[in-house]
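Presented below are the structures under discussion, each in the form of structure tokens.
What follows is chain A paired twice: with chain B in the first complex and chain C in the second.
Moving on to the complex of A and B:
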């Protein structure tokens, strides 16, 4: 019998709930640790980024308007779907990301989804407050989502960093544009397939594979992106993001790069992560009305 | 206009050639392939702004909203004085006096929909009364709807006579005739209705009310532009065109401008002869214009809604 022709998977971008080819037509290749080709992936262009901003913006209001309970259900569902494909991800974590302990990383990723799912209906109660006022008024402070957040996925890990960044941003009602890690674009697009089957409304989480460096200043200068989550710790990049992003007072979240093992730890999660991408709004209200 | 003109219009002749549906759609899609960048784009966007009939036709329209819209029409982008005013503000007849007062001395026209917009389902006398009132209140431009029911029933004479009567009631005001192409079913009907309207005295022909889907499309507008061209060759009269409804992006607006230029020529590229009926288009034009001047992609949040 003749050898069967290989059926290779074409990885595309995940924008607005659909898998689309890059407008540019450019592709990149991803290799395993022995430099064998794993797959070709799209190289997202500036135009792809702009299309993604539109998708994320139009989804934001609806996502924030859902009940916190429902957002929690959906995050939990992501965890379920990820767990169901654990063998695939563990295999890719070894081949593409060179992970030392893929099982631990996969489990930490699933647990991270469940962890943030649990926070969804508790954020307002814990970050918000009823303020004491010297007068016949009530004063409330409530957290609101920042809006559209560009998540530059951490380079240290193949999966757990990105999942943590995404979940902590979307749980409060933000929508995200994820720039996949340079080292693991295939894992990122496999995760997009998890999202596509997890009841995540279209446009809430969008994933682009590209060469990170080429898009960074465009993320920062686009006025319809409200915040950037950048953890790679490159001071020059941070400064250029600050310079370009000052125009629309973009919220920036920088921190030093963590190792994959550190991302697996419980210390990498917490309410403080969620609080990075909410805006506190205080309202006054007369007593008795 | 004597009835004989109309009957000649409806006998087989140039204007009654059947429209090639596939051809029209193919041709219209060609206009979307032109590359317009940099300075040409800036010029195109500014031209489109100056051709916009900024429109509000909602049940919830109030004098306050119309005043705000008028301010926006006069100075669409307060940060950039090089941005021109829009061509007109288009409102319901009841709000014409408000718009006239708010636009006084600005050079921006006041357009009023009339004739029982959007359905046109009232007695002719009532419709004429509405037109006279709007014109008396100071509207420079009247947007009327044709009786689509009568048109589809083949009562072309009635449609013609109504338009002629309304033109008379307009006095000095310009008359735009809305064909509501979304209800006319075929391109042949669109072409025929265009000719009836132009012969009956329309100054502009307009695609849609914006209340029926589909509203303005490129092929329908092309059919109407070609009718204008044929009418001009036949009679020497110059009629304007106004696509309305469904044009929301700068890119679309530039496609329409390309179509006008390549069908009718530069002469029609003026607010006196071409208009966009739109409400949300203006913000996208302003947003793209500011992108061209600053080099930075903009947020819709930074532009006022009304």
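Moving on to the complex of A and C:
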């Protein structure tokens, strides 16, 4: 039997729950470790970013307003859908990201979704407080999401870093704009398909493929982005994000770059990751008046 | 409503005899009072009578270098090595000494900064002592605040504080930093250095090892030398949003917390207990001459009760006594500086020019000193400068709304997000609105209340990081 001609997939951007082409028309190509073409992907522009911020902003209040139970179930659902497509991701992790242990990374990514799913309705209990005010007042403090977070996906891994960053930001009610790793844009867009089938409300998680370097200053200067999660550890980039982001006092969350193997470890997850993207609100009311 | 009755009170000034000012104050570095390397000094003025109180050192780069080096040495050699329980005991000592000398501190605070003695005596100083006492207890219990995580001090903290609550802000900064095991270089504001310097003497009396707390006095350049210093591991700043943004750009350390400006909405619904609300509004905007970052400077009143509320408010502000900060009957003291008075006047002029109507409590102000009568504007549009910019003075901008949604929309329509007030008798409405306020502190049926156990800090351009509570400890720890 003659070889069947394969139908290749067209990759687009994932904005506001829809797969759309870059308005710029620019594309880039992704290659495997032997330099064979995997696919062309969109190269998101500044205009695409602006559209994405709008989508993320309009989804934020609704997402934060869902019950924590519901947010937890949706994160768990992402894990279910990722597990179901493990073969594809493992294959791509080898070809596109050059992973030397794709199975471990895929499994860690699924487990990461489950881990953060379980946090959704415990965050307030651990980070919040009832405040013993010295006076006739009842006071308490609750964590609230910071708002719209730009997640610059970690460059060291193809999947697990990005999944960890996304889950820790959205579990508390933030919406995110993810800039895919330069090394693995196809994996990122495959992950977008997982999201699209996981009951994630539109606009809560948006993914752009682009050349990171070209979009960083635009991320930092956009006044409707509240925080940036950047972990590639380039001090010059960090300084420029601080400079440009000062205009609306963006919260900057930097940390040293980790290897894919380190991302797989349980030590890479935790409440402190969630705490990076919440604001504390303290409330007072008189007692007995 | 009947005309506001006036009562003649005999002057009841607090004696300043307890305060012994030196002719000149140095920096406090390594446990000693030292002059600036270049000998530069500046003067601090009593804003209530424009008289020079004393002179103090004006710090430059070299002085900041010296203070940071002293803090580093104290961290490496002493403070990081003593037990957490002992750190706590030092803080308890400071709290106790402050309580003992509270009268002296209160009078000095009012002389240097212009705030009414009633406030420095009843709020600033007791609350400062309370902050030390509260954080003293945390020193050996830090792991309980961050379960299943490890915590470590950051090292040397640079702390820059404003002139509106000089001693209280010093306490807000020093207490958590020291409890968490850091050493400190504190830079007080240029118009109010004296209580921080007196606190330095008190800290010496408490027996803290030299260099654990250092105080460098001076002006903006001194603060800039500290905030951009490569030798500090942490910068904590309270002040204007403009300077906060500059610090984000220039700080060498990535450990940064900023507590900045505000333009808080105080929302009054038609079902609110109006007389209580009036007291809350008064306290919200005229407390400390309105020199309060979380002041309720935008009053949003539901249209149906707007006329009645404004009438009550007008009646109430006419009974506020403006004058000598040391007089125990004074409600509103002196504006902190000539510069601040000019800024308030400029913004008030813009309010008139843009078409709002100005109402003032009195035209009878002391001849000497810097004073501004408690004021409010009606007919304010959200686009007016007095509705958008922080005035940092006793000036209230009144606007109205019809529906709760409109109130939320207007309240959040600002670059700031420090505080908000909600006045209503309906519990479910309070809970709905407090969730919708983009603000770090929400007072329901009260306003401008503070407690060391209640974290304080902003959303959006009011800054980031918290002070107070277990949440505030994170600003001075590496949590992993």
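Basically, the second predicted complex is superposed on the first by the 281 of 289 C-alpha atoms of A that agree within 3 Å, B and C clash if a C-alpha of one lies under 4 Å from a C-alpha of the other, contacts with A are read in each partner's own complex, and residues count from 1 in each chain.
The rule we apply is simple: a contact is a pair of C-beta atoms (placed from the backbone, for glycine too) under 8 Å apart; a residue touches a chain by one contact, two chains touch by 3 or more.
Because the structure is predicted, anything quoted here is derived from the model rather than measured.
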{"item": "Partner chain in contact with A:131 - chain B first, chain C second, else both or neither", "value": "second"}
{"item": "Touching partner for A:224 - first (chain B), second (chain C), both, neither", "value": "first"}
{"item": "Which superposed partner A:122 touches (first chain B, second chain C, both, neither)", "value": "neither"}
{"item": "Touching partner for A:282 - first (chain B), second (chain C), both, neither", "value": "second"}
{"item": "Touched partner set for A:31, first chain B, second chain C, both or neither", "value": "neither"}
{"item": "More chain A residues in contact [chain B versus chain C]", "value": "C"}
{"item": "Chain B versus chain C as contact partner of A:246, first or second or both or neither", "value": "second"}
{"item": "Which of chain B and chain C A:103 touches, first, second, both or neither", "value": "neither"}
{"item": "Partner chain in contact with A:139 - chain B first, chain C second, else both or neither", "value": "second"}
{"item": "On chain A, positions contacted by chain B and by chain C", "value": "247-248"}
{"item": "In the complex with chain C, residue positions of chain A that touch it", "value": "126-127, 129, 131-135, 137, 139, 141, 144, 226, 238, 242-243, 245-249, 251-252, 254, 270-272, 275, 279-286, 289"}
{"item": "Contact footprint of chain B on chain A as seen in their complex", "value": "50, 53, 57, 221-224, 247-248"}
{"item": "Chain B - residues contacting chain A, complex", "value": "296-302"}
{"item": "Chain A partner contacts - residues on chain C that touch it in the complex", "value": "130, 146-149, 241, 244-246, 248-249, 254, 258, 260, 276, 415, 430, 434-435, 437, 439-446, 449, 451, 453-457, 459-461, 463-464, 466, 469-471, 474, 479-480"}
